[in-house]
Amino acid sequence: MQFDFPNPFDFPKIKFPSLIKSSKTAGLPPGQLVHLGEKLTDKSLVELISYNDKEFREASSGKSNEITEGLSAETVNWINIDGLHNVDLIREVGEHFAVNSLILEDILNSDQRPKVEEYEEHLFFTLKTLNALNTESIIYEQMSFVLGKNYILSFQEKEGDLFEGMRNRLKNDPNSKARKKHADYLFYRFIDTIVDSYFLILENIAERIELLEDEVFVNPTKRTLQKIQQLKKELIFLRKSVYPVREAVSKISKGEYHFIKKETIQYFNDVYDHTIQVIETMETYRDLTTSLMDMYMTSVSNKMNEVMKVLTIIATIFIPLTFIAGIYGMNFEYMPELQWKYGYAAVWGLMLTTLMIMVIYFKRKKWF
Amino acid sequence: MQFDFPNPFDFPKIKFPSLIKSSKTAGLPPGQLVHLGEKLTDKSLVELISYNDKEFREASSGKSNEITEGLSAETVNWINIDGLHNVDLIREVGEHFAVNSLILEDILNSDQRPKVEEYEEHLFFTLKTLNALNTESIIYEQMSFVLGKNYILSFQEKEGDLFEGMRNRLKNDPNSKARKKHADYLFYRFIDTIVDSYFLILENIAERIELLEDEVFVNPTKRTLQKIQQLKKELIFLRKSVYPVREAVSKISKGEYHFIKKETIQYFNDVYDHTIQVIETMETYRDLTTSLMDMYMTSVSNKMNEVMKVLTIIATIFIPLTFIAGIYGMNFEYMPELQWKYGYAAVWGLMLTTLMIMVIYFKRKKWF
Amino acid sequence: MQFDFPNPFDFPKIKFPSLIKSSKTAGLPPGQLVHLGEKLTDKSLVELISYNDKEFREASSGKSNEITEGLSAETVNWINIDGLHNVDLIREVGEHFAVNSLILEDILNSDQRPKVEEYEEHLFFTLKTLNALNTESIIYEQMSFVLGKNYILSFQEKEGDLFEGMRNRLKNDPNSKARKKHADYLFYRFIDTIVDSYFLILENIAERIELLEDEVFVNPTKRTLQKIQQLKKELIFLRKSVYPVREAVSKISKGEYHFIKKETIQYFNDVYDHTIQVIETMETYRDLTTSLMDMYMTSVSNKMNEVMKVLTIIATIFIPLTFIAGIYGMNFEYMPELQWKYGYAAVWGLMLTTLMIMVIYFKRKKWF
Amino acid sequence: MQFDFPNPFDFPKIKFPSLIKSSKTAGLPPGQLVHLGEKLTDKSLVELISYNDKEFREASSGKSNEITEGLSAETVNWINIDGLHNVDLIREVGEHFAVNSLILEDILNSDQRPKVEEYEEHLFFTLKTLNALNTESIIYEQMSFVLGKNYILSFQEKEGDLFEGMRNRLKNDPNSKARKKHADYLFYRFIDTIVDSYFLILENIAERIELLEDEVFVNPTKRTLQKIQQLKKELIFLRKSVYPVREAVSKISKGEYHFIKKETIQYFNDVYDHTIQVIETMETYRDLTTSLMDMYMTSVSNKMNEVMKVLTIIATIFIPLTFIAGIYGMNFEYMPELQWKYGYAAVWGLMLTTLMIMVIYFKRKKWF
Amino acid sequence: MQFDFPNPFDFPKIKFPSLIKSSKTAGLPPGQLVHLGEKLTDKSLVELISYNDKEFREASSGKSNEITEGLSAETVNWINIDGLHNVDLIREVGEHFAVNSLILEDILNSDQRPKVEEYEEHLFFTLKTLNALNTESIIYEQMSFVLGKNYILSFQEKEGDLFEGMRNRLKNDPNSKARKKHADYLFYRFIDTIVDSYFLILENIAERIELLEDEVFVNPTKRTLQKIQQLKKELIFLRKSVYPVREAVSKISKGEYHFIKKETIQYFNDVYDHTIQVIETMETYRDLTTSLMDMYMTSVSNKMNEVMKVLTIIATIFIPLTFIAGIYGMNFEYMPELQWKYGYAAVWGLMLTTLMIMVIYFKRKKWF
């Protein structure tokens, strides 16, 4: 007989990332640049894409000064930095563009809550990119943008991002909308692309909910329970990443920041609609996950009920029959039935009658 | 013995429509017209109804220019387009009336959240029409309206709508209110008709709740549980479709939009009352569905209790009796009772006494 | 053996009144007077009470013009109409007093959500009167008031109302406060009387909760579960009727309407206090009803526990004893105990010892 | 066998006081003074304490005019009335101080919701004093204050209050703060003392929660369930009494009322802090009580689990053994084992082996 | 047989600290300094740290006047008082700096709700420091700050605090930011350090949640239930300590207080972000704890299900076999099977066939 105790060690744990970092800086004075988060890559790279409706230039280097020097004021300059562990690189870039030290701190803190903030020289936006490679867990990556007059700085934890399509279009299509617009439009395209990618995560979660629903109805095991709990946790963490984004986008779409031109704000209204839709869908999934738990509970009760019925049917049929057999197994000297010629047959008759009554009773109760 | 495992494949799945589309456009720049949603029909058609208090004209064609050319400025012009998959047709109509490209995108997106938006030349309203053909599922269809100076454009996923009655009244009754009013009144009649149709959906749901209530009390099966869960899901999705409509209608009834004349706004107050009533009723049904789940749970417990009682009564009566029979089945040489003349009768007496005591005990406990 | 399956057909259903009507008008243009609701009476009657501090006049007729003609401008005129099914009568009265057609529509709609609305010539208030004749269900009746300059129109579904006491006092006591005041004071007395009557409903519900509480603790049956569910539903519907009244009274007590004189507004503050108290008490009862459900659940579990204990005690005592008897029922040729003189007695000793140990074990576990 | 059915009649019922009264006045016109509530005492008394920094005078009488005449304008005059059933007395006092009849009505209504109201001549405050004499129930008493220019009227249901300490300090300590201050300071001291007394109630509830927690873990009975339900109800009623007090104190501390001098308002800020703390603690206890219910449920399930384990262990061990004994109790003529010399011993060996296997199996499953 | 009843006396109780104090002062007039809370230390100490960018001075004494006299107006003076039980010391310090008596009262009240308050001469901030020495309980300590023009008074219950690192940096690094800034910056550093330390508590709780999750899945015992309840309680109390801090910090970061210079406010924005993050994480953990309870419940049901399966399998297999053996144990004279040569073997065959059918049946049902 084998039961389905899963190995406790293969329970897919969720790291509580926000806690690891915070205790690291506890007690440090502000303004000290420390990378808070796991080091996800060894390499660090500075990339430049610089364009306007006429020209397009690409460059990349491990050293910031090779990139940041000689930027044209005529073009939109997108400087992308991969690898938050290289604190010096980030400080250099920061100093070159006169980025406030509070911004730099937040960029380096992988557990920073998403937010938008306006400083004199820059608009700062930080949020999470989500990645659901397989159906078991979501990868959270910190991404920050610093929007200046004619440039955008983007900071990522490691190489590889959602913007490959954008890069190609900028490069190959001189007539694309972005080529004719300013840095704030590029900024909008970044935020829009990231928010759109959240829908992929939701799709992934929707699939898992449907699979779990079938599992709960057909064959609920302990493993199912773990999966539901896991899903619940992921939705809780997802929520923490997405809610503040709505807030931030809402501020932008209200036109609070002069870095975003009036004509770009209407696009942010669109992004805002999408964040609302992401959040509403997420809340829907939370409700569905909660009711999955209830249904699991009920499914287990149903199964127990079935088990009990089988036991009861068997016991209720055979216990009285065994009692009858027991009677005629007694050794009394004077038991007239034992001497009757058809005694044995009569007992069988009695037993079969009892059986019939029981079966009819259970049929009536619709137990089988 | 046969148990009621339903076939897992006949579980009525709910498609999560909002997810299919969103990943399609993820990464696309804005302003590119793509139809997002299932193609529900092959045909696409442009229909015109043009009227004022004196004249009435009807026309329809597969080509937009045959319809959109030569519209009179003296009449109210209602141009209805069936079939969102025909992107070119929609672009042509859009261009003819100078509809903003953001509006066109939203029209083509079957999963657009209901909303109202004012642009310089148009008022845009998009929402869902609901259809409960049978008691098992609700069909969601996207419907969009573009209100211009003296025309309304309406966009539907496929032919066939709720407005047949309106069309007939406009055509046959030159004295009807609508014939004397402007395009904004026609617009109000559209929204009103759609919101009124929501009550039919609620009626359908009310019936299903009542049926499920009886089922839960009388004979709760696994299938019942699935139906409750299905209902729960539908209410969640219904909510997502109806809540934003209230918001949108509220904005109109506050007189925020100059496209709606002051005299029409009082009618929108009425529509607003109806949306409130729809939402309150919906919330009521959500509460009832939640308590259906609790009652199912309790009903299952009650049934188990009953099963256990039957088992306990049988076991408690026969186990002691079988024990007594067992005693006198022993083969000891010296067992005085076995030789007694009335030993056998005495044992029967003992057994019947035991039985009586048990029955009285259970009667006292009110177990049967 | 008899179990308490209640007849499914005596389950007290709650009609969902708000749904029946709505689908009736769906698609109709506004301004068409149709009675939406059940016809509760065949008769329809117009009653007049007209008074000031000096005179008092009463009249009633089946025809509206007999009543509405020749009203004095010196007196407060209360015209009461019984029977909403008589649409013509209501149209006549409406036209005489120039009542807006939107008001008339709402008066005729028995499922109208309670609300207050100000029009140029009138203040309109519609709400529900509640009646708990027996402890099984609440009767909802629609009641509407139209307050004009020196008259009030009241519309009821059928004859018989809460205002008999008011009528008598007006008639018999020329010094009563109301006789010296204006129509708005009479209006206040109507609303106050109706809101006060809600307390009677709450009292009725409180009694039912207490009865159910005892039932749940002492003898929870399936019927109890149905009663709890019934109560839950009634509180949900009650809530839908009472919440909007608070809103409406709040608007009046804030002095938003010039039809209510400043000196009368302080009385509406009092009514507002009462609606708050009604709602708070109602919420309290909702909480109590929810916890009744939990307690029912727990009570059922408790009972099952008890049943299981009885089974376990009996089985645990007799199964080992039966085993011992089984041993000495074996037919081996060489079983020395069988030949011992005191073998039989020894077996009894063994059994009694086993019994004692079991009893002590259960005592220790406090199972009985 | 004895089970713990509690006597249904000793279930400590909670009176729903707010309902008894309300139906009494339903239909009465406003301004009629009727005592609504239980008559808690036969006596009624008017007491005067009159003081300033120089003098102190005490007096009491059953007649109001003996007290209210000849009050000095130089002193703070506190007139306390015990016994709300004496409506005439209260009317006399009311008339003497020109108290608005709406105030007098509220004073006489023992179920008045706590509130503060400003009238031209007075500030009116009504709230509940709570008393937890034993651990089984809380006694609610209505207490009202009318603050005039240099006097305070206080109205209590019966003799005996929380202010004995205050009285003594006023009398014996001419340098006490209160002696130097105005009537509004005395008013503050009343409210402060009553709010502070709420903490005693919370302490009482905290103790009961802890006792119940132990009971639920160690020996959950039906009685425990009743106690939890009782506690839940009391918290619901407590909440109804305390929430509105916060509202009222908040209004005062915002300086809305000119009867409270600016220097006294800072003290009301302090009282406000306390009401917040009372409410937060109360909400905490509500949470704890809810989780008590869950834990009770779980505790019962745990116990059932244990019972089932005992049954299963006994049955699983002895049923197979009894089967073996049954085999060799058969009367077949040709059963070779029966003739074997060591057949009997071998069967014992077989049984012991079976027993061992079972025990090892259960040990592995950690069932004991 | 041994079950896991934990000793009721080792249930880790949570003191309800807020109640102990409150009843102590109930009835006392305001302005009387009494220490409310446990005396955590015997010693009491006044420490001075006085610095500017040029100089640094440290001193400590048991007497306040030795410290408070001769403070320089050129330096930032931090006076730290350990030991709230020494009321005289605190009164002396308070009088020296003209601290309002309401502030002093709040400082002495160990159960004061966290808050910020501005007085003419001071800004007052009181909150809790949390300490999780082991995984079983959190130690709450009251900490208050009084910010004056060029000094900060800090009040702690006992020696030892979170500021050792700050002290060292101030002393050893003349170029540290704090040395160049004013008292309000030091004030910010205090609040920041305390809020950062909350993350450590959250980390501790996260660990306990993960451990409990494993326990619930693998081996849920009664002890597990107690731990979950304990955790729930701690989160409730933690919440009461942290929520008001957010409120207070929010007020500061909005620039409401002129004691905080404009340049320091941006740092408080940062602190505010952290409090938001603490609270969001805390709410996440509350959700997880609630679902732990549900999972415990489900886990117990799962275990019961398993137990029932074992019982049912054993009973269902052996009860019919025992019945067959019982048949041939009967003593009828005429039982042909008994005389058959292969009767015994045939019975064995019958039994084995029955066994096979049962096993196949259970396999199909996937019961093992």
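Here the chain labels run A, B, C, D and E in written order, and each chain numbers its own residues starting at 1.
In this text, a residue touches a chain if its C-beta (ideal position, glycine included) is under 8 Å from a C-beta of that chain, and two chains touch if they have at least 3 such contacts.
Heads up on the chains, UniProt names are A, B, C, D, E = Magnesium transport protein CorA.
Just so you know, these numbers come straight off a predicted model, no measurement behind them.
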### Message
Could you classify the chain A-chain B contact as same or different, where same means more than half of all interface residue numbers appear on both copies?
### Response
different
### Copies chain A and chain C - rotation angle from C-alpha fit, nearest 5 degrees
145
### Query
When the C-alpha atoms of chain D and chain E are each averaged to a single point, how far apart are the two points in Å?
27
### Whole-Å gap separating chain A and chain D, where each centre is the average of the chain's CA atoms
44
## Note on the structure
chain A touches at least 2 other chains through residues 297, 301, 304, 308, 310-311, 315, 319, 322, 326, 329-331, 335
### Query
In the complex of these two chains, what residues of chain B are touching chain C?
162, 165-166, 169, 176-178, 189, 192-193, 196-197, 199-200, 202-203, 206, 210, 213-214, 217-218, 266-267, 270, 273-274, 276-277, 280-281, 284, 287-288, 291, 294-295, 297-299, 301-302, 304-306, 308-313, 315-316, 319-320, 322-323, 326-327, 329-335, 366-368
#### Entry: Interfacial residue positions of chain E with respect to chain D in the complex
1-3, 5-6, 8, 11, 13, 16, 18-20, 22-23, 25-27, 29-31, 102, 113, 115, 219, 222, 225-226, 229, 232-233, 236-237, 240, 293, 296-297, 300-301, 303-304, 307-308, 310-311, 314-315, 318-319, 321-322, 325-326, 328-331, 335, 337-339, 341-344, 347
